[in-house]
Structure formats: C-alpha cells, structure tokens
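Okay, handing you the structure first.
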Amino acid sequence: MILGKVVGTVWATRKDEKLVGLKLMIVRHVELDYKLKNTYVVAVDSVGAGVGEIVLVTSGSSARQSALTEGKPVDAVISGIIDKLDISVK
Amino acid sequence: MILGKVVGTVWATRKDEKLVGLKLMIVRHVELDYKLKNTYVVAVDSVGAGVGEIVLVTSGSSARQSALTEGKPVDAVISGIIDKLDISVK
Amino acid sequence: MILGKVVGTVWATRKDEKLVGLKLMIVRHVELDYKLKNTYVVAVDSVGAGVGEIVLVTSGSSARQSALTEGKPVDAVISGIIDKLDISVK
Amino acid sequence: MILGKVVGTVWATRKDEKLVGLKLMIVRHVELDYKLKNTYVVAVDSVGAGVGEIVLVTSGSSARQSALTEGKPVDAVISGIIDKLDISVK
Amino acid sequence: MILGKVVGTVWATRKDEKLVGLKLMIVRHVELDYKLKNTYVVAVDSVGAGVGEIVLVTSGSSARQSALTEGKPVDAVISGIIDKLDISVK
C-alpha cells in the first residue's frame, strides 16, 4: 500500500454503471514526513476519508477486495485513514 | 485510476479476435490542472468518450471489470468522463 | 495497452514447459510518433507480428486472456498490429 | 519480490474491516548493499518482522497468497526475513 | 517479460511457509546488450538457472502460473534461460 493525502474529489456524470454511487477522491502521494509528491491517483473511498486526511491506498486487483469495490472497474481504494506513523529507523 | 486526455484513436486491422469491435483510444496522462504529461496509454473506450475529453482510466485486471472488456486482453479502460475536479488542498 | 516496435526475437531452449512453442518477441516501447524509447519488453506474439512492425502490447494478467497465453507464465502479449494512429489533439 | 528495510509501523484506527488485526509496516526499499532508497511501501507483516530487519516483500495479487492476507485489500506483504545475500556476479 | 542477469541468491530462514523449498535468485535487469541496469528483482527459479546466466523473468500474477509457484506469494519467476537475442532493427 502507499500513503497519500486526499486533496479533492472527482466529478464524473458519465461513467461505467458499476462506478455509480462510489466516491472518487484525488489522492496526492506523500513522503514519510507527509510532504506532497508530484504524483497522484484517483481512488474510491471505502472508509469515509475527508479532504486533508492522510490515507492508506491499496492498488491493483487488491483494490477490489473491499465490500464496496468488488467486481468493479476500480484499481485504487482508500483502505485506511492514518493516525500516525511510528518511524524508528532513519 | 488515473486521469488523461483523449488525443486520438488507434487503427489496427490485425488483432486478437477478442479486441474486434472495441474502440481503442490514445490517452495522454494529465496533471491535476489537465496539463499534458509526456506519457500515454492505449485504452478501450467503454463510456463513449470523445477526442479532447478528460477521462478516468482504470488499469490492470480491473480494466476487465466492465461489461465490454470482460475476459479480453485489455489492461486499460476509459471508465468515466470527467466533468470537473474539486481540489481544496494544495 | 502500450505501443512498441518489434526489434527482434528471443531464443531460449531451457524454459518453463508452458512457454514451449510460443514466439517471444523483443518490443521496444515507442512514443506516439513511433520514436523508439530506451525501454523494452519481451512479449508473446499472438497475432503474427513481424520484426519492424508497430504493435499493441497488453500487459499483466490481461496478457493471459488470449487463446495462446491462457494459464501460462506470460505477462505481456502482442495483441494487435498498428495500421496507423489518428491523433487530433496535441 | 523486492528487498526493503522495516523502518516503522503505521497506526490507522479507521480502516477497512478486513485490515483489522493486521500489522502494517513501513518498508523502505534498499539496494543490494542494503543502502536505503528514497521509496517505500506499506506492507502487511506475515512473518514476525521487526523494525530494522531486511525483508522480502511480495506485491500485487501475489500479496494475497499468504494465510493472513487472503481475500483482503492488501497489495504488499512481508513474506520473508533476509539472513544474507550471496552475490557472486558484479 | 523482462531480461535480467542472475547475480546471486537470497538466504531467508524465516519466511512464509509456502516459500519453503523455493530458490530465490537476485536478478539484475539488463539492457538488450546485456549491460546491467541499476535495478533488480528477487525471483523464484523454476528452470534451473545459474548465477551469471541471462534469464527471462515473468512478473505479477503471471509469475504464479508455473507448477512451482502456483498459489504462492511469488510475484516474479525465472521462466526461461536466454540462449541469444536476435535483434534486427535498431
């Protein structure tokens, strides 16, 4: 999984019918100190994440292992909201 | 998923028989301000996307979760057409 | 899918028995103007592609969705031969 | 698989219910001389890895092939703890 | 698939039980002239590859399509040993 920061949402009226009702969030990748990277991913929210939160993102076929995304054309899902990172080795 | 801009179409007469009838679009990856990146992907259109539109692209095995692409040698599908992005965190 | 140019073939006598009989081609990735990139992939040919041709390559688990590659340790397959690209947006 | 060094742990109270009880470790990628790279991945620990250890990380759908991760939204798992690397070709 | 050179082996006593008995090789990626790249992957050997040999590596879920790796947390497998490359287009 990777870590990212939710920076916004995606509006798409015309889409695959299996995506209807799913919340599509824009997640900027972050470093371990939460500094924003230049890359991003659009991920389905399955945990009630809000804009500004640091989240865990699961990618690939594993993104379809949540109740919300099973069998859908989804390759990234927000699977957790980060409380904190405990980093003890630099 | 990632965001891209449809810039053209691919013509291929000789192809895997499962690809016959599918529309293959050239999608340039974009930044969050829709600026074109140098990279691209060829994706199957499943939502009626037109050239010039900003689209959502689903990759990997998840690209086979649309009605149009199931069981086919397709690793990228246009799964939505973007109306707008709401970006509230910079 | 990505676009590439077939630049050669791979000879491998000792290999997984499921790969026996498959034609392994070396495909250099190309830009949208067919300029060669520095990267390449070894892909199974399922459409009779010849050296010098521009081809469509399907990757990942989707590469196993052709009749020739099903159930085999193949992560890239040539799934089409490009006639031309119609690019209308720059 | 890739090699990495466990540098810390992730705390996430709100997460997909299938992730409850799994230990999420932060793994920095390493070179073959164990020098830390700038990239990292969050992986589920399935072998009792400790902070500071060099580990083997399995990614993608294969990360769900351990008893602990089957059917869960997990795309990276620590599948081994490295004793040493025997490198005989430079 | 990609091409690499086997440069060594990985020793890991503590590992996922499904990995017991599998030979883990360190494979450095190579250019088409066999020049070593700076990147590497740890792959399971399924064809009796030796250190110093140039090999074909299959990645992702396709790495689990060999008799040796089926159902195991393996995302890269050595699926062939290269005799030679025939490159006719530069």
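Observations
Order of writing sets the chain letters: A, B, C, D and E. Residues in each chain are counted from 1.
One rule holds in what follows: contacts are C-beta pairs under 8 Å (C-beta built on N, C-alpha and C of every residue); 3 or more make two chains touch, one makes a residue touch a chain.
Since this is a predicted model, take the numbers as computed values, not measurements.
With steps allowed only between chains in touch, the distance from chain A over to chain C comes to 2.
Note on connectivity: the fewest steps through touching chains from chain B to chain D is 2.
One simple way to say how far apart two chains are is to compare their mean CA positions; for chain A and chain D this gives 19 Å. Once the centre of each chain is set as its mean CA position, chain C and chain D turn out to be 31 Å apart.
Annotation for chain D: residues 60-61, 63 touch two or more other chains.
Order of chains round the ring, from chain A towards chain D, by the touch criterion defined above: A, D, E, C, B. The part of chain E that touches chain D in the complex is made up of residues 5-16, 18-19, 24, 26, 40-43, 51-52, 60-61, 63-64, 71-76. For chain E in complex with chain C, the touching residues are 1-3, 32, 46-48, 56, 58-63, 65-66, 77, 79-90.
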